[in-house]
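I have placed the structure first, in the form of structure tokens, so that the comments after it can refer back to it.
Chain nomenclature is as follows: A, B, C, D and E, assigned in order of appearance, with residue numbering initiated at 1 for each chain independently.
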Amino acid sequence: MAGLGPTGGRAARTYAGRGPLLILPAWVIIGIFLVLPILIMATYSFLTKEFRGGVIWEPTLAAYDQFFFDRGLFGDEQPKIEWTYILIFWRSIWQAGLATLLCLLIGFPTAWFIATRPAHSRTVWLFLITVPYWVNLLIRTISMKFLIRDNGPMNQWLLNAGLIDEPIHIINTNLAVQLGLFYSYLPFMVLPIYAAVERYNFALSEAAADLYASRWVTLTQVIIPVVKPGIIAGCILVFVPSLGAFLAPDLLGGAKNFMIGSLIEEQFKGAAGNWPFGAAAAMILLSMVLIVLIVYARNQDRESA
Amino acid sequence: MAEDQGDIAVDIDHVTKRYGDFTALADVSLAIRSNEFFTLLGPSGCGKTTLLRCIAGFEDITLGAIRLYGDNIVDLPPNKRPVNTVFQQYALFPHMDVTRNVMFGLLRLGQSEAAARKRAGEVLDLVQLTQFADRLPAQLSGGQQQRVALARALAPNPKVLLLDEPLSALDLKLRQAVRLELQQIQQETGITFIFVTHDQEEALTMSDRIAVISDGRLQQIGTARDIYEEPDNKFVADFIGETNLIDVTVAGIDNGQATCTLPGGNHFTCPAAQGAHSGRGHLSVRPERVSLSDPAQGLLTGTVSRLIYLGTDMHVDITLTDGEVVTARVQNSAGTRIPAMGETIGLNFEAGAARLLID
Amino acid sequence: MAEDQGDIAVDIDHVTKRYGDFTALADVSLAIRSNEFFTLLGPSGCGKTTLLRCIAGFEDITLGAIRLYGDNIVDLPPNKRPVNTVFQQYALFPHMDVTRNVMFGLLRLGQSEAAARKRAGEVLDLVQLTQFADRLPAQLSGGQQQRVALARALAPNPKVLLLDEPLSALDLKLRQAVRLELQQIQQETGITFIFVTHDQEEALTMSDRIAVISDGRLQQIGTARDIYEEPDNKFVADFIGETNLIDVTVAGIDNGQATCTLPGGNHFTCPAAQGAHSGRGHLSVRPERVSLSDPAQGLLTGTVSRLIYLGTDMHVDITLTDGEVVTARVQNSAGTRIPAMGETIGLNFEAGAARLLID
Amino acid sequence: EGKLSIYHWFEYIPQELLDKFAAEYDVEVTLDTYDSNEALLAALKAGKLGQYDVAVPGDYMVEILGNEGMLDTFTDDEMPNKGNILPQWADVSFDPGRKSSIPYQWGSTSFSVNRDVYSGNIQTTDIIFNPPEELKGKINVLDTAGETLTFASLHLGIPQCSTDREQLKALNDLVQNAKANWASFGSDVAKDVLVSGDAAAGMIWNGFGMKAREEGANIEYAYPDQGYIVWMDNVVLLKDAPNRDNALKFMNFLLEPENAAAVTNYARYTAGVAGVEPFLDEALKTAPELNPPAGGNPQFVQACPEEVQKVYDTIWTNLKK
Amino acid sequence: MARKPDLRRFPGFLAVTLLCLFLLYAPLVIVAIYSFNDSPSITLWGGVSLRWYEDVFWGLEADKFKRAAINSLTIAAAAATTATVIATMAATAMLRAGQFRGRSFSFGLISLPLMVPEIVTAVATLIFFSAIGFQTGILSILIAHIVFCIPFAYLPIAARMEGIEDVYEQAAQDLYATKWQAFRLILLPLMTPGIVSGFLLAFIISLDDFIITNFVKGAGVETLPTAIFGAVKQGIKPNIMAISTLLLMVSITFVTLSYFAGRMGQNRKSNPTGET
């Protein structure tokens, strides 16, 4: 995606000198109102939990201990590896990964199709893809819930049309969560791929055809490798927010299985009220995301070198 | 076509190509012989690339037929045509190294990995790129990339190789070196080359035959010498090299020889292009075939109005009495007398130098 | 500098420019005279644009000084330098029409709207674009855009005009037309032009003086004739036009004249470039100054190994007995005898044609 | 004059009543909502104390908020209508002497079952924790640890806040195993899932269940033999209330029988104020949701001490992993 | 004659695109249809009526939604404007000020809000505000929104600026323009399409945000999403369907307008390099 990587090559220097100062407002705002909060959050994760919410300023690793070690229901058994949260993380990663894959499977052909329209109709197609996105996420998710429920319009119509005898049960399943995530983040997949494909040099497809490659060989051997940066950017933009999502699991998945987002939320809003633990979970999630991003950025640097 | 079919590699038969209302190729007929180095030459936008793309199969044609060794190929998709292309911007696969790029077509034709690798090695040898085999295209200079594109297109041993301005991105010295290489490769492999350029000198130095195209229409086909020395019309004469076009009145044409009246009133007889006619017309004379003399001995007379130094040569502009300017190119060597600015001087045309054109 | 300071428009004084470790300009010293049409010539990447950008003020120099009519300007920002640039890609403001583009600099200098408009009209007249005054740049052809860029740079009457390969985007015929225009404007306005190109012919035809640059180093400064006929070193001889570089053994140099032994054993005396020395050396002879003769009368002898038709001329490659190839360029006119392939033939150099180079 | 900032359960107070108060006292009223007692506590902890004037915690949460020092007190003079409080709610263990709170509404927590789907006996907690075939996979439970785990304790017949390890393990196993039969967790959606048919049985508050029935679902509210939960929601005066005077006016306003009745008519629970009867809807008098059979086993949720609460938290998180 | 062998076409891609659009629109279209349902039940069809639209504009909660809408629009406008200004400045530094120390770091910083999961941002910001004793209210929402709007504004602006060669500013400076004049007279007009789409993206992201807003909003302060959430979590009601349909229509109008604005900009911007 344009601007997603530090711009390659020679930086224009029109405003060299005092120009870099223009970055300061962004630094200040993001530094104070995002980096500082995250640092405080990091600090909280090392503090002692106060009963019923809040922290006591006594340093401890209890939150991380709770995350990684299972000491039984009563906290007095020999520590074993705690699978509960790893499982929740694993499920989130798996769900987010699956949603990413679903977005990719539908998003790539869509992006490709749009990017290969004549220039004037491309905007219209893009516009068609993005308009639902301008409508509130909550409403979108709830609309989806409304549509797919057992007695919802989809099943009613299918039943009336005689296409099915039993309602298709989707609501409160993982598939519903998938649909919700897909629905929430699809444009994040389509746009970067679109940007990459739009810059794709179709002469490469011609060269491949000229060298006896069929359409599908061209797709897998030439097109996909060449537009890979756009695909990766799209995957990251779908994967990262999906990891932290909680509307879709809550509304469409029946809140049965925690994903990371709901686990963290529960620590700050729910009965458990364990702030240090919520902070620790958030920090672990954040580190995972940052690691993925750093690896990605490294890769890109290497590729552009 | 009147020519011997067995000898014809590519037969472009009354091909017309339209984009909507716009006619990019208008009823073009061309027969390219086997083993020939054939060049399409014409100004930007004249339809050269379009014709090449029709042969390669990237564009469908509106009317006509394209035959490859006698078989009509217009319905074959590009990947079924035994024709390879060296693209104008190379179109190297950026994610594959040089060897992989060259192997691509071979693998598609079903060769084994090992066989393809071996053949790629051979072709890279031919274009002297063996030591760059492991590099990615982005790590090569423009000239090297051009040679990879060539190797990639040569590797499957196509019957016909299409080259679309493959030298335009190179600088003068590099261009000259690659030109020689191309000619050698063509002679060694015996593949038919169809070469596109808008550079007249390039066309003249490299080709067995040249087709000059303008506005989607074929203007003339012939050897470099034919086209340079016996241009059929004003466009060809003017486009290929420099020429003086002198307004004349044609009294008549007899047996291919025209009798004309020059500015200043002298009479003159010269060959006429097929289709030239009496009345007002243009005589084409190349600057290097204009010789300078005493005013008294000149077919035309005028005064020297400009002198341009060109290294190997001098350009001398002579303004005739009626205001027309004629340029003479005088070789810049010891024996030559260089006239002075403002000097009155006579002009003569060498034997066979002047030609009456179709307007 | 040894030259008269009053006459010097731009004085590049021991300028070095580094990008990190990379030296783009190495200790370049140049004095460009007032009213001169001065050309920077060199292969791609040699530092021409860098030098121009240093003069315009877009790059800081690492060492040295740049003086404009005697004043050191290295600390002035670009908008304070009375120097205007015609950019390689024109850089016309796409959101302004032609007139607004031309008025831009005038308004920044504080002229009134009316005065600026009047002046823009005049300059557009000069470049014959009056009828396009209201168009946006995108609605113009390449050649017209180039002239707008020129008009825009000329309008504020700069002391020095910098032109960065302004013709490279044009096709051959158009390029020739614009060249003439540029020369006329320079003569009419009396502005000092610094012109960048990598096209040798362009440099030779247009310039009062030429600086040849390679790898960030100045190779030679001089008029077109100096550089073409008296190249100082192998690079210049080879880069400017074509040349034969013949291996010789130099017995000694006396008063600028070198005595050499040619391949085949003949002795020969010719001028030597300053700095040339005894021992092994290279003789440079332009192909057009090699004349053909009977084998017996030749300074060198060999067999004709290739004939290339160039339109105006023929290139004849002669392979000497020791395997070296010498090229002769023979004008393609009636009187010339064209040798046949394989013929044994003698070669002579015209008087003053050969020159011993610094290696 | 001035403002009033209310922090309230969702869908629990009619807009008309707020408008009435606003008009009567010329106060600008704003309302934010939460969906569990714990969410209220967490929000106040996280920095929202000092922003709201009144909140509506349930019984045990009043005690917790009091212990946390989050409540302000008022005198009897400041609450002229205090006498309207029904005697049984006038002096309660979670706020002895009603120094910080007044009764809002009380009701029960149990479950409703769709009679189209299941026609068997529903007066048992087995419906939720050991459901019949027809209901498996069609059950919604409240997404609040307090009420759901208390309900499970009732099913097992163990005391609340039990410290007995075996009992706690049994509780853990019970909910773990039952979860396979549950379709979803949700409090605010509890009514919707029953009306829409997403769930055929669901834990629900009595008034909310009545609303669901009135919206067309063929459901019946159960009073299981093992017991059910009762609760009393209370309007409390929060500490650092920015508009203390208006808060007191509002609380007093809610003690007017007519106004308390308006809430009851809207939310379908029961008021703690005397003299509301003339103002009540007919339907309420006979509604099974509001007229529990005599001799049941109603229980209040207890606030557990820290060590026990920790175990409950673990059980809850385990349940949702 | 043979059909043009279009190498860009892949069989099935059109079908996937249509499926994609179907998935995107089906729920919204159905909601739009049901918003005209006369019956208060969401499951039964009771004939066509506009009663829920009436309810939205004149119903009991109309006031609350009106206030929420005004808050949302004010916050979105202010946050998007501020973020756009900050992002434009940042893009200028990143893309026009050469290499400077901390440039890569700055890029990381700017994309951070995009990369941190929303829930983490929400919680961290809330803790931060309560730790420094910052009174939450409209201002706290605004600040949080500015933070996460920055990358959304930055991306299109930077992409656009990257596409504008710096020769135009150099040409301006060569013609005696100061840096500020070169920015104002040349770069800014050329960047307009990027700035407009950056602003729109930020505006709409702000308008759409629920999670962060819900955490950092002050008592009684509602934005459209939080108001809708409060009303909608218990089940979608016909009046909410009406609101969402209105929102959809406003969005379509908005995007359509910006599309035409963009097209006009494109026509004016023409072709910066003069290539065809």
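Note that in this section a residue touches a chain if its C-beta (ideal position, glycine included) is under 8 Å from a C-beta of that chain, and two chains touch if they have at least 3 such contacts.
Since the structure is predicted, the reported quantities are computational estimates derived from the model, not experimental observations.
Steps from subunit B to subunit D, minimised over paths through touching chains, total 2. Under the contact definition stated at the top, the chains bordering both subunit A and subunit D are E. Rounded to whole angstrom units, the spacing between the C-alpha centres of subunit B and subunit E is 55. With centres set at the average Cα position, the gap from subunit C to subunit D is 91 Å. One simple way to say how far apart two chains are is to compare their mean CA positions; for subunit B and subunit C this gives 27 Å. Counting only residues that touch two or more partner chains, subunit E has 5, 7, 42-43, 126-127, 165, 170, 173, 236. Among the residues of subunit C, those touching two or more other chains are numbered 58. Within subunit A, contacts with two or more other chains are made by residues 13, 151, 206, 209, 268.
Residues of subunit C that touch subunit B in their complex: 43-44, 171-173, 198-201, 204-205, 224-225, 228, 238-241, 286-289, 291, 308-313, 329, 331-335, 350-353.
On the side of subunit E, the complex with subunit D involves touching residues 41-44, 60-61, 64, 126-127, 129-130, 135-136, 218-222, 230, 233-236.
On subunit E, the positions that touch subunit C within their shared complex are 165, 167-168, 170-178, 181, 185-186, 189-190, 268-274. For subunit A in complex with subunit D, the touching residues are 51-54, 73-75, 84-85, 87-88, 149-152, 171-172, 254-258, 262-263, 266, 268-274. Interface residues of subunit A facing subunit B in the complex, by the touch rule stated above, are 201, 203-204, 206-214, 217, 221-222, 225-226, 228.
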